[in-house]
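Following are the structures in question.
Both of the next two complexes hold chain A, though its partner changes from chain B to chain C.
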Partner chain A sequence: MATLRLENLSKRFSKKIWGVRKIDLEVHDKEFIVLLGPSGCGKTTTLRMIAGLAEVTTGSVLIGDRDVTEAPPRKRDVSMVFQNYAVWPHMTVYDNIAFALRLKKADKKEIDKTVIEVAEMVKIPELLKRYPRQLSGGQQQRVALARALAVKPKIFLMDEPLSNLDAKLRVIMRTELKAIHQQTKATSVFVTHDQSEAMSMADRIVIMKDGEVVQIGTPDDVYFRSANVFVAGFIGTPPTNFFNMEVESKYGLKILKHPHFSLELDEQQGRILKNYDKRKLILGARPENIILTDKDKAIFSAKVLVTEPQGSHKIIAIKLDEQIVKIVAPHKQKAAPGELLHLSFQKESLHFFDHETNWRIEQNGA
Partner chain B sequence: MFKLLYSREFRQKAVPYLLIAPVLIYYALFWLYPVIQCFAGSFRDVNNKLTLYNYAFIFKDPTFYKALFNTAFIVVFSVTLEFLAAFGLALIINIKFKGSGIFLFIAMIPMALPAVAVGAIWSSGFATYGWLNSFLYYLGFIEKTAKIPFLAGGNVASMILIIIIDAWQVVPFMMIILLAGMQGLDEEAKEAGYIFGGTKFTVLRKITIPLLKPTITTALILRIISAIQIWLIIVMIYGFQRLPVLLEELVYYVDESHSMEFFRIGIAYSVIISIFVSIAAVIYLKVTGAFGKEAEETA
Partner chain C sequence: MNRSVKRGAIRAARMTTLYIMVIGVAMIILFPIFFLVSLSLMSGYESYYEWPNPLIPAFSAKYKLEKSDEGYHLSIYNKAEKRYERFGPEKFGTTAEDLEKISVFVKRQGNSTLKTERLKEEISRLVDRDEVFFSLSKNLLANYKVFFQVTRDAVPSVIRSIYTALTTIAISLIIGGMAGYAFARYIFKGRNLLKLSVLFVRMFPGVAIAIPMVIILGRIGLYDQPLGLSLIYSVTQISLTIWITASIFMAIPVELEEAALIFGTTKFGAFWHVTIPLALPGLAACAMYSFIGSWNEVIQAVVLTQFNPTFPVVVYKVLVGAGAQVNLITAGSIAQAFPAVLFTLLIRKYILRMWGGVRV
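Take a look at the complex of A and B:
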């Protein structure tokens, strides 16, 4: 068990192409960190630098208090679960799991005990004598997991371990992984592009884009206090709806103007926008924060484009000019295509972003 | 009659055989027939009478045993050396350093040359007044009067020379096979080896080589078979009967001797060589498990 620190970590692929740029991150002991971002954002490269599989261009990696930037993978006390399992096909499940322990010249009885223990933890004790080709993808991933657990590493690395599993199994494994983490308490770094996976597993999420960190925070932080338009649009399904607004002042109150509607803000929200008089901003409203209401209380009205039943709730897509706005409604809500809906915002949960920088407009009004 | 032809049972059973019939006929005519002819011919004398004379001649001839020994020597040493060299080169090129593409291209050139050209290049190279001596002199390694008589060595020295020349041509071929195998390996399997405590050497020994085993067996057996068949380079450099090997003897008796009696002996030689090559092939199939493994794999 240990902490992990990345200091100013960068990876350059070629003269002009940076894979990862200046990442600073402190992972606490026993923490479950998820690196989240679209493909090509540098999350896997970051993980590979932590593992020692990719060379670091500048910056350093510290495990515990030891600088391991130049150390080979075997001297880092890390273990890893790979996206394509990477179990060795020429060894039995037992030999796969025992590989690292044998290299460490562990006692035979000790190896036996550990292998059985971790095999039970991932629920494959009956498969130890099999070869990987006799196993399903899900079982192979369990072997990979057992192999990684067997070495009792300081840092547990996972590179999209669930992305090759089918949807149902993925959700089951998510829960199991989280339970295993609570049991082993190993400091973990988990890479994924699936935001719901990240939300459901992480203690903290590191959101990356184009090789840089955009936001580090708890699932609640990134959802309710998204740092910029990218995060607000990336986290949550369906994603946040955005509206380009113009700010006006009337009798000391701020009013946001949209071609189709205007939104009057209360005093406190107005204070956040005190520097935005007569300027543009981006309003972000999550689907569940746009609510159906009566005609006289409505802020705007628009026609239904399609509805997407989800069982427990219903997603309604409405059309505002060319823009599609998605809202979440109770499953009983009736909404036929073409029907006019009257809508309002939950004002206290709105997000405001700067029009130029796309960053969140904070309380202190930067 | 027509009823039978149109019955479902007949169609299901007969059609597959009808479809492979052309290939079977082709094999019977152009493969099986010549092989049987050759085999039968090896037991006949000039007057077409049954005889064991051809084989008796070969087994009494001391040159045969020399040829057998030389062939075995070349097979063992050339295949071992070529394999090690090719494996090392493949490992290096597989790293993909800057310019590895060009290196690969240059390394492949000897592979494209026919054996006659290779023989010509090196017989003119190793000759006392050949370009290799001139080159060494130019570099200042030898005196003008002290040219090295490369081709004048004894049996073993000659064979070493042949092995070097053969390797020059064949190493790239083996390297390509091994390289293709290496590039087909799952990179993550190796990386997992490094993560779980492996040094470069352990990963090579415990992961890369076991995973590469099918490729290695293929490369080795193909090479063993063609090492048994080496002859043209030897003839190009030493001429006939100076460094006898099996196939060189065969060509000598069939082609160079111009007599029916010797021609029959040549045919007997070809039967003997076929048996050796077949043994090598059977060992190959046993080792790779091609005989019964497929059924087990799918089970």
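Take a look at the complex of A and C:
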């Protein structure tokens, strides 16, 4: 087990194309880190640089206290699970798992013991004699996982390991992976583009966009204290609703103006926005923070466009001019298309973002 | 009920037609080969004097010994004409020289062994009658034996041919395989142009390359050497190998190699433990092409060898040489085809895997 440190890491593919620009990251011992971002954001490239499969343009990778920037993959003490499993088709499951141990010239009994141990951990002890072509995708991914666990690495790397599985299996494997991590306590770096996967598994999430880190934080951090509009829009389903607002002051209180409604803030929130007088900002409201209320308490009213029942709850899309606002309502809530709904905000859960930079307006910020 | 009977009849008819067609096509392909093999097992008499040629070579021949004016003469049964015809000299005496002559003649033309003692014995039976009949078993492989006995250095030429073929395989697999891997895995400037231009060397006929090569090989001391010949064969084989191996390597996901790198191999180790085993069917196919290509090649070999010919050159020289017998030539060509067939059978396991056995 070990820590992992990325210092000023960057990858340039060609003169104008950057894969990753300047990443600084410290992964603690036994931590489960998820790199999250849309496709092409550089998260896989980062992982490949940690593994040693991609050359580093500038910066360095440190595992433990050792600088491994120039070391070949086999000398880094890492193991990896690939998106397309990458189990070797010409070897049995047993040989796949034992491959690395045999290269290390481990004792035969030792190998046998380890293989059976990890096979039981990923629940494939009965498949050891089969060839990968005789296995389903989920089973192959378990083999890949067992192979990675068998070497007892310092760092455990996973490159979208669940994205080739069907939706149901993905959720099952997610739980099992987390359980395995709690058992092995291996420092892990997990790459995914699925935010719900990231939220459910990570100790900390690293959100990336266009080769840069946008926010590093716990799942609660990125959800409740999203660093900018991109993060707020990326995390959570349905995504955060955004409103362009204008700030006005009245008797020392801040009032946010929208063509359809105005929102009066309390003193504490007003303090955050003290520099934003007469300026524009972006208001972010998560679907569950917009609540249905009576007509007299309503901040705004709008007509229902569609409803999307989810079983446990219901998503109601309402139309405000050209903008579609989504809210989460209890499953019992009735909302026929065209019906007028009266809505209010949970003011303490609102997010404010700068209109120009799109970054979060902090307590003592800007 | 009626409908199912009808359907069954239609299916039977369809299957029958299919089988007739399949068998017909197989016959068209196989008959020339069968005829070649059959001819190679016939004696000179069978192949030249029995017309139409028998389809199946005889295992024995019937002979008739008669008294003639001042001696004896021998006849052989001609199956096409259905009568005995004179075989050998018009008359011969009982001198040792004459008997020896007949014995050799029977061996050469009839592929049978007629020892002089046996001939004497048969002659002695003629005391009380005019003619005796006897039959001699035929030595089926006599043509092959004769071919290797009478052609100058047939056996060394086979060894040279095998050496040439194997070195061609080695050279073209090593160089072509590495180039194919580079084409499959790396992106570099002019890759497609280079890949196309590799095919360029195949556009020239063998003779056109061979003649200038006489001088080049002569300068480096490889003229009339199997190694020199395999270098020339490799030129054409490498381009084919590059194309086959490049597509094979491309079909092997690069992640399989990367996984090997992570789990403890060097780059070469990943290639050795993962890529090579997976590419084996393609490499086997390349080896087969190289083997057949260099084993059967005549024209360049004729130009580029003098005292150390390869086996196909020997066969070719028997074919064009004076006094060649058709049954000897067929024996030579079957002997030439045999190793290629054997080699293909040996590596068929790997090649069959490529055509749909195991998915990479």
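Please note the rule applied: the second predicted complex is superposed on the first by the 365 of 366 C-alpha atoms of A that agree within 3 Å, B and C clash if a C-alpha of one lies under 4 Å from a C-alpha of the other, contacts with A are read in each partner's own complex, and residues count from 1 in each chain.
The working rule: a contact is a pair of C-beta atoms (placed from the backbone, for glycine too) under 8 Å apart; a residue touches a chain by one contact, two chains touch by 3 or more.
This is a predicted model, so every value here is computed, not measured.
A.B. asks: Superpose on chain A as described above, then tell me if chain B and chain C fit or clash.
C.D. replies: Clash - chain B and chain C, as placed by superposing on chain A, overlap.
A.B. asks: In the superposed arrangement, does A:A51 touch chain B (first), chain C (second), both or neither?
C.D. replies: both
A.B. asks: For A:I299, select first, second, both or neither according to whether it touches chain B, chain C, the two together, or no partner.
C.D. replies: In the superposed model, A:I299 contacts neither chain B nor chain C.
A.B. asks: Between chain B (first) and chain C (second), which, if any, makes contact with A:A86: first, second, both or neither?
C.D. replies: both
A.B. asks: Please work out whether A:A2 is in contact with chain B alone, chain C alone, both, or neither, and reply first, second, both or neither.
C.D. replies: The answer is neither, since A:A2 touches no partner chain.
A.B. asks: Please state which segment of chain C collides with chain B in the superposed model; the candidates are 74-82, 92-100, 110-118 or 344-352.
C.D. replies: That would be 344-352, the one stretch with clashes.
A.B. asks: Go through chain A and flag every residue that touches chain B in one model and chain C in the other.
C.D. replies: Dual-contact residues (chain A): 51-53, 72-74, 78-80, 82-84, 86-90, 99-100, 103-104, 133, 147, 151.
A.B. asks: Give every residue of chain A touching chain C within the complex, in rising order.
C.D. replies: Touch list, chain A to chain C: 51-53, 72-74, 78-80, 82-84, 86-90, 99-100, 103-104, 133, 147, 151.
A.B. asks: For the complex, which residues does chain A have touching chain B?
C.D. replies: Contacts found on chain A: 51-53, 72-74, 78-80, 82-90, 99-100, 103-104, 133, 147, 151.
A.B. asks: With touch defined as at the start, can you tell me which chain B residues reach chain A in the complex?
C.D. replies: Interface residues on the chain B side: 186, 188-189, 191-199, 202, 206-207, 210-211, 213, 297.
A.B. asks: Report the residues of chain C in contact with chain A in the complex, numbered from low to high.
C.D. replies: Spelled out, the residues of chain C in touch with chain A are 253, 255-256, 258-266, 269, 273-274, 277-278, 358-360.
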